[in-house]
Structures are given as structure tokens and as C-alpha cells.
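Multiple structures are listed underneath, in C-alpha cells.
What follows is a pair of complexes built around subunit A, which joins subunit B in one and subunit C in the other.
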Partner chain A sequence: MSRTLSMLQLYLALIAGGCGLLGLAASLPTIGAAPLMLIFFAVSALSLLRLVLPWSFWLDGVLAVLGAWALIASLPAEGLMPLHHWLALIASWAFAWLFVERLAAAIRAGKLPETGTGLVIPLIFGLALIVIWEVVTRGASVSPVLLPAPSAIATRFAASTGILWADFVQTFIKSVIPGYVIGCVAGLLVAIAVDRSPFLKAGIMPIGNFMSALPIIGIAPIMVMWFGFDWQSKAAVVVAMTFFPMLVNTVAGLNAASTIERDLMSTYAASYRQTLMKLRLPAAGPFIFNALKINSTLALIGAIVAEFFGTPVVGMGFRISTGVGRLAIDLVWAEIAVAAIAGSAFYGVIALIERGVTFWHPSVRGGRT
Partner chain B sequence: MEASSLGLTFPAGDGDIVALSDVNLTIDKGEFVSFIGPSGCGKTTFLRAIADLEKPTSGTLTVNGQTPENARKDRAYGYVFQAAALYPWRTIEDNVALPLEIMGYGSADRAERVRRTLALVNLSGFEKKYPWQLSGGMQQRASIARALSFDADLLLMDEPFGALDEIVRDHLNSELLKLWARTEKTICFVTHSIPEAVYLSTKIVVMSPRPGRVTDVIVSTLPRERPLDIRETPEFLEIAARVRDGLRAGHSYEEVV
Partner chain C sequence: MNRILPVLTILLAIIAIWYAASVWMNAPWQTRLNERADLANVPFTEFVAQTWAQDKPVLPSPHQVAGEIWNATIALEPTSKRSLAYHGWITLSATLLGFAFGTSLGVLLAVAIIHNDASDRSLMPWIIASQTVPIVAVAPMLVVGLNAVGLTGLVPKALISMYLSFFPVVVGMVKGLRSPEGIQLDLLRTYDATPWQAFWKLRWPAAMPFLFASMKVGIAISLIGAIVAELSNTAGGGLGVRLLTGSVNGQTVQIWAALFIAAGLAAVLVAVVGRAEHMVNRRMGVRA
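So, the complex of A and B:
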């Protein structure tokens, strides 16, 4: 197997093994201080044997995990990490990269099934990022105000689930969902009306355009004045943000049906309503889902930012703005984590529904037109 | 179907385009009429005028003794376009059922008609497939089934096999003839292939461009029963030569250069 390494893989193997060898040498004066680290260095150095012996890529994966574990286990509670431990970070990172490289090559070569193993790669990427973040923030004693360690964020997250849940309900369930539904449905209905009537097209499209150009930090305080401090004003901001993307996309989508497809409806003497329901709306599906996906992220941003301009003492935006003021940065990061998870899940659900509904579109079924 | 001194002009920025001028033609029930000519001779426009997809600007046109608009509202014809134009979100059977849904047929009646017309075009067994899972020839057969499903007496076909290769085309041509014999419909067929026109038709309308007009109407002397190798008989070649003469008389070949 050693002869099948590519140039990049060879470099990575040399970096990983070399760092192991150097680390082993540097650990000798303080031997016994961090036994796990010593083992990792020793095995890393041994991995250089891959130049003459077969060395499975699963071993690289195990080594990456071992390195991460050794690093986190031997992180000092206070002060800086010993200098040679940074070699372990480099070696561990190189092993992880090498593992992913060789895993991807094995999948491409058809030695491993795509399903399941395909998920491993992004997972390793994310975990590696978190490990590096943890080791760098704690090993280099980065001030928690600048960037708290993931473990500190996780601890805070676990300790304040009550607050986070209340904020999530206030912002996501009460503001984002109703605002999103109202904004998207209104955009869709107005688009159909605009499509029907040239008068509305001339009148409403410029106003919609104008509305979308309004900065959110400008309309948020006005909405607070109109609809009060509670979730209604946030939902109103979300409506204002999601309406226009839906309008523009649906208007474009309603024109997506080809001339032949419309002529066909005309030869059947189909009514306007039949043509709309059986041809033009289905044909507009990919456009509508595009807007739904764009809006799923816009809605969350809108609701959080709107909470900066007056809110009852609950909500994700409120918590972030006051958390920054009180230097409770770990709580801010915990809220960011909630927002990221909620936003991704929301997007994911819409994307899943899209796959089900517009299964026929070439972009979904991965074929030609 | 009857047209007398029919004209159709498209307004354009740099002078109007005369698509049809002084077209006189009668098509009887049960005929298979081909329209042949070079691009721009108005053959598709004439077909679209029959289908009420274009409005004539002069002369009169009647379909089944009514105006084209009323004939369309009466669902008097099925139209087969150059492309199959099947809706990709519907299965083949749902595509064939589309006109039936629009015209308000009951669901049992729909299922029966879909089954029957799909059998007619040899597509039984593909009911649950989506259009993009079928070959081009099968898609076009499905679109013919869709045009037949509601039993209109008139079938308008605008170069339905134009995008297909010659082998598939020969096959579909002979199937179309059998279908015509079985259903006794009136078929108007636009093409720019001389052998296709001669092989299929009882009457060949030769058209020429600028302005679009009819230069010759040839009544075929071939028998109704036509195997594919009839195309090598002297009678077939004679009619093909007459079509070519008609095209030449309309200066069609000069324009093509």
C-alpha cells in the first residue's frame, strides 16, 4: 500500500511521522509527564515505517483520534501548553487530513460504499475544526472574551438550556415561523395577482422592490413602534424580509412554462385556473422552493436583528445583545450555536420537502432535461 | 375543413411579414393531408390557424363548419407539437389523462381511455414511468396518445417526428398509418420530408415561402394499405417527383441556398 500514496499523501505522511519523531525526542527530558502524549508521539514516529511496510488508512484515522484525545487530555488547566505539544497538534491534523484523503480515494476507487462513509468526511472535518479551536484557545490561553473554548460554550449551553429554550421559543417559534409563513404565502398570492394583471405588475413590483431595499435596521424600530415590543413586531420584520424574494421568484417561475406547454393547454380550451394549477404552478415549483430556502435563513437573521431594537427580556437577539454588554461571551456563543442549529435544520427540512415535490426537475434528479 | 382566400400577416418592426396569402383548401373527413415546403412557407402557421393558436387576418376558415375558436372550445382536435411537451412532474398515464382531467371526464372513464390509447401507441407497461425515463420516440408516442385520448375527430401534427432519427421515424410512420386506419380520424401533418409526406398521405399540399402560399395539391394514387417497402415502387417515386416539381415551381430550392 505504501507505493500507492500520492504526492500530497506522501508529504502529509512525512509531516505526521516527522512531527511524531521530533515530539518523541522533545518529550524525553520530561518523560512520564504526559504518558498518553508519549504513546501518541511514539506511534506517530512508527508510522514512518509506511515507507517500507503496508499501513492501512484506518490506522491513520485511529492515530488522528488518539492525537486529539492526547492533546485534550494533557491540556493545562492554567497557562500555556508545553511547546512540543504543538507538534502533536500538527501531527494529529496531518493524520486526519491523510485519513480523509485516503478514504476519499478509496471511495472513488469503489473499494468502499458511498453511503455512510461519505458522511464520515464532513464529520471529521467538523470535529477537527472543533479540536483545533479547543486546543488553540486553551493551549495558547486566548482570552474567553475574544474566543471561548468549545468546551466552555458546551458547559454554558448545558447549564442554561432553560434560558436557551425560552429564547428559542420566543424568537423561532413565535417570530420566525409565523412571519415566514405570512411573508411567503403573501408573496406567492401577490405574485399570482401580479401575473394576472398588468396594472398590478406596474404598480406593485416597484413598491416591492423599494421595500426590499429598505435596510432591516431601519424598519425594525418602526415595526416595534407599530406592533409593540413582543414577538408581533419581529414577525412583521420577518414578513417584510421574506415577502419580496418570494414575490420575485414566483413571478419569474410563473413564466417558466414553455410556449409549447401553454399552447397545449390552449388547445384543450383549459381555463385560466386549470392552466395555473396544472401547468404554471408546478412549473414554478423550483423557483418557489428557491425562495423558501433563501427565506428560511433570512427570516432567522431578521428576527434576531429585530430583537436588538426593543423586546421583552427574552429572545435570542436580546440575549446576544445583553450578553455582549455583560461580557458573557460564552452565552452569546451558545445562542449562536442554537441559531446555527435551528437555521440549518429549518433549511434542511425545506430542502428535503423540495426533493420530494420537485423530484422531476433535472437539478434534483441529476439528469438531462 | 375549409379555407378560402385565407391570409395571415405578422406585424413586425421593419414591415409586416406575410405568413400566408390567398390559401384555398378543402380537407374532407378521414383524409390524411400532409403539408410540405421549406422553412418559412407558412405550413406550421396554417396548422396553428386551424388550431386557433393564430388568428387569420383575412379570408375565412371553418373547422367542422364552425370558426376555429369554437372548434377549439368544442375540443374538436388533438394537437401534436414538434416536441413531446409532456409535463415532467406527471407520469405517462397522468400526462395522457391531462386533457381528460381538464375536460372533466370521470375517473373510471379516464383510466379506461388512458389504458386504451396507451395500448394504441404500444406504450402499455410504461404507465408509471416519468417522461424523462423514456426515449425521444416513446415520448412522442405518449404525446400522440395524449392527443388521441379524448377522441377528437381531427388530429393536427406539426413535424412530430422532426427531432427523431430516421430509423425511429420509419417505425413511427408505419405505426401512424396503422393508427389512422384503425381510428379513421382526419389527420393534418406538417413535414419537410418528401418521402414521409408521400408515404403517409392521401393528399399532399405543397407550399412555398415569401409569401406563404399553396403551389400544388397532389392526390395520392397509392393504396391505403402501405408497407414500408412501397417507397421503392415506381408509383411512389413518381409522386415524390411531382412533389419535388411542385417545390421547384414555388422557387423553394432557390430560397434554400
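So, the complex of A and C:
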């Protein structure tokens, strides 16, 4: 079986097994202190047998999970983690990598189906990151002001859902959504209007391209002065940030339909309106959705940053800036988690709609987007 | 010529609208000022001139902003704390450092991704997910956190810029390094080329157009990252600080001037990357 391992896999296996062996030796003096850890070290050391015996990669996966479990179970309530436990972190990380490496090789060789297992790999990577974060912050007793452990963030999240929900409503529902809708619709309509006049198009396109590269977020203080502290000013910032990417992408997209397709429409005696609705807008779909996706992130950023320049006493940006001031960093991270979930969900919804609407496009038909 | 004319027309239209808007938006306050000063029946032309010359206007007129930019850059010593050249330099250096970090990280990740299936599968979804996290919105907080560890000055701001600018580079470079076709890779295999040679002689040159396209996006967003990161630390200086202090003191002219300097900086940076692209293309024998 050892012949089926690549060089990288072999090194990883040696690191994992070696750390297991070293850890086993180091935990012998304090035997019985952390039984789970001892078991993990013993099995890791046994995994060196893979050099002579067959060793399924699922066993590597199980070992990685066992290592993570042992690490978290034996984390000290306070103070530093025993030195040799760091070996377990390294071993466990090496097992996870090895597992992913061999799983990917198996998928590529066609031994495993793509669907399902393809999702496992990124999931393992994410979980590994969280475990390492947890172990490092608690094991090395990193100050919670600097970086709280994920478990502390999760507890805070669960304890203050009321505040988080109020902030979410203020920032996301009241500022982001209206601003996003107004900005995108305005960008789309202006693009369609501009598209009719080559002169306007030649004039607006360079300026639009230029504007979408600018730090438009800087207008946030001006908008707060003009529209007041409440959500209107945040929505205005979002409108300004989302308008130009939409304009530029839609104008580019309206040119995506080829001449031969337009000629076909004109042989049908299709009016401008019919050509637009039945050919050019659908053909612009991928471009418009590209802008919608870019804007989904920009909108959230715009609303949160605008809140730094003045808000009523609610909102994600407000909570973040005051949380930093009061050193309530776990609340800040809980707020970041909300922003991350909201941002990813927003993006995901748009990507799903895109798959439904532009089902004909090669990038969607090809499977992975 | 037929490209400049439409752009100029639109620009002139924007400036005209701006002047009109600044009359309209500043008028209520000017009327009140005139009432307080017992000035009745101010002629319309004089009233317009007054709205364009307010001290803290709601919307400063273009020539006020231009005058402020002139005063704060050319007319002042570049070392003065009020000079926009000084603050612009602080922001620029953070942007460039972050951009350099971000581009290197992006290229390294892209190389890892194309050479290793497991890292492709495990990293790519998270790289995409990382950009749906509005990290720039928490940038000021991260800067405070990093200051607490002892990282001060440019580096924390540059890290934020790096986080933003690595993404377009990874995505572009993965596409670019994979752009050579199978037949070209096969040819190199028939030459018995090592993977190293295949990388430097085929994949890397083929990825150049993608790299420059990504770098243009990357440098623009690194500037945004640097400006937002400055919002937390008013002592450090930078264009973001000018925006913040202008907002606190109601100095609208100062905000607009800082905004225009930032815009100019973005334009220059993108143009520099474009120029570098042109030069590399020439060296590689691409006909423009």
C-alpha cells in the first residue's frame, strides 16, 4: 500500500506518525492525565505501520477527528496547554491533510463519486481551521481582547441574539436591501437608456469604468451629513456604491448578443422593445448577475462603514465600533459572524437565482461555477 | 478625437449639474444667513456667488474643492500635518505594501491550487467565501486589535489591503495558469520538460494577461482597504483620517478634497499598472 502514496503523502504520514510516537513517549510520565490524548498518540504511532500494511484513508480521517476531539477535550480551563499536546495538534493537522489529499486522489481516480465527497473536502478544511483557532487561542491562552476562541464567540452569539437581530434588521433589512435594489435598478435603467445613444455610451462608459475603480465608500461622511443618521444615509451610500458596477456591466452585457442574432430579430421585424426583452436582456443576463454578485458584497460593506460616521444606537457598524471601544471583542466577532452569514447567504441566493435564470449559459451548464 | 468629445461633454454636464446643485442645496442656509445679516433683496447673481463661497457648505462648489486641493497640496509644505500630500503619502504607502503582499499571496495560492488537487478542492470554496465576509467593514477594529499586539503603523493597514487584493489575483491567476491548452502541455512533455520548466516557459507567460487584469482590480481595492483601515486611528494620519476629521468638524470642503485626492490616487495607480502591462506585453512580443 505504501507504494500508492505520493511523496507529499508519504511526508505527511511520517510527520503524523512521528508526532504520535513522540507524543506517546512524552505522555508516559503523566500517564492517566489525559486518557483520550494517550489513545490518540498510541493509534497515531500505530499508523506508521502503513509503511508495511494497507491503511485505508478513511482511517486517516477518523484519526484526524479523534485528534481534534482529544485536543478539545483535554484543553485546560486556564493556563497553558502541556507542551507535548502541541504534537497532537500537528499530528491531527497532518492526518486531516493526508486524508484530504488521498480523498482527492481517490475522487480523481474515479473510485468515489464527485457529488457529496466534493463537499466534504472544503468542509474539513473549514472545521480544521476552527479547531486550530480554538486550540491555539485556548491552549496558548491568547488574550480574549485580541482574539476570542470560537467557543466564546458562539456562546456570546447565543446569549445576545436579541441585539444581533436588531442590528441585522437595522443594517441589512433597512439599509442594505433598499439601497441595493435602488442602486441596481437605477444602474440597469440608465444602462438601457444610455445604450440607445452611441454618443452617450462613448461618454459615460469611460467615466463609469473610472468611477467603479474609485473609493466611493469615502462619500459615506457626506451622505451622513445630507441624509441624517438613520438608515436613509446608509442606503444612499449603498446606492452610490452599487450603481456604477451595474451600469458598466449591463452596458457591456447589452452588447453581448452577436450581430447575427440581432439580424435574425430584424428579419422577424421585431421592434426595439421586443429585441431588448427577448434577445439582448437575456443575453446580458450573465453580466447583470455578475454585477449583482459584486454588489451584494459591496452593499454590506457600504452600509457597515457608513455607520462608523454616525448612527442611531443600533446597527452592525455601530455595535462593532462601540464593541471595540468597550473591549467587548467577542460581541464584535459575533457581529462579524452575522455579517459573514448574511453576506454569504445574500451571495448564495443571487447565485441560485442566476442558475435558474441563465440556465442556458455554458458556465452554468458545465456544472461547477 | 471622437472618443474625447463625448467624455468631455459628459464631464461638462456633470460640472454644470454640480454647480446648479450646490446653489440649490446651499440656498436655504444662505437665505438664513442673509436674513440674519438684514440683507434684503440680494440680487440673484450675488446670491449665487454667495452659495458658491460658503465656509461650510452642504455641497461645496467645484472651484472651492479645487482651491482646497491646491491649498492643501502645492501651497503647503509636504511635511505639514495639514497637507494632503502628506496624508496621501501615508495612504499610498499602506496601499502599495498591502498590494505587494496581496499579489504575492495570491500568486502563491494560485500556484498551490493548480499543482495540487487537494488544495484546489479545499481552498477554492473558502477563498470565494472569504470575500462574502465584509472584512473591510471590520477593518478599523482589526487595526485596533493588531495595534494591541504591537503591530502599528503601516503593517495593520497593509494587512487589510492584502486581504482585499489577494482575491482577484488568486481567481485570475488560477484561470491564467490553467489557460495553456492540453496540446501545448503535451508538446512540452514531448520535449521532456520538467514541471519547473513547464511552469516558467509556458504557464507563467500565458498567465500574464490575467495577472495584470487582476492587479488592476486589486490595486483599486487595496486603496479602499487602506482608507477604511485608517478610520480607526486618527493619530496615524492618512486620507481616511482626513475624511473622518472632516466629518466630525463639518468641514465639507476638506472631505471633498480628500475624496478627490483618493480618486486621483486610484486613477494614477490603475494607470501605472496599465503602463506596466503595456511594457511587459512589449517585452513578450505581444502586438497591441
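To be clear about the criterion, the second predicted complex is superposed on the first by the 343 of 369 C-alpha atoms of A that agree within 3 Å, B and C clash if a C-alpha of one lies under 4 Å from a C-alpha of the other, contacts with A are read in each partner's own complex, and residues count from 1 in each chain.
Just so it is clear, contacts are C-beta pairs under 8 Å (C-beta built on N, C-alpha and C of every residue); 3 or more make two chains touch, one makes a residue touch a chain.
Keep in mind the model is a prediction, meaning the values are calculated, not measured.
When both complexes are overlaid on chain A, the residue A:179 reaches neither subunit B nor subunit C. When the shared chain is aligned, subunit C comes close enough to touch A:126, but subunit B does not.
By the touch criterion stated above, A:207 is placed in contact with subunit C alone, subunit B being left untouched. With both structures placed on the common chain, the touch criterion links A:347 to subunit C but leaves subunit B unconnected.
By the touch criterion stated above, A:263 is placed in contact with subunit B alone, subunit C being left untouched. In the superposed model, A:274 makes contact with subunit B only, not with subunit C. Of the two partner chains, subunit B is the only one that A:282 touches; subunit C does not reach it.
When the two complexes are overlaid, the chain among subunit B and subunit C that reaches more residues of subunit A is C. In the superposed model, A:20 lies in contact with neither subunit B nor subunit C.
Shared-chain residue A:221: touches subunit C; no touch with subunit B.
Applying the stated touch rule to the two superposed structures, the subunit B and subunit C interfaces on subunit A have no residue in common. Note for the complex: subunit C touches subunit A at residues 2-3, 6-11, 14, 58, 116-118, 120-126, 129, 131-134, 136-138, 140-141, 144-145, 148-149, 216, 220, 223-224, 227-228, 231-232, 239, 243-244, 246-247, 250, 252, 255-256, 258-259, 262-263, 266-267, 270. Residues of subunit B that touch subunit A in their complex: 51-53, 72-75, 77-79, 81-83, 85, 87-89, 98-99, 101-103, 130, 132. In the complex of the two chains, the subunit A residues touching subunit C come out as 8, 97, 100-101, 103-105, 107-108, 118, 121-122, 124-126, 143, 145-147, 199-204, 206-207, 210, 213-215, 217-222, 224-226, 296-297, 300-301, 304-305, 308-310, 316-317, 320-321, 323-324, 329, 332, 335-336, 339-340, 343-344, 346-347.
Residues 258, 260-261, 263-270, 274, 278-279, 282-283, 285, 358-362, 365, 367-369 of subunit A touch subunit B in their complex.
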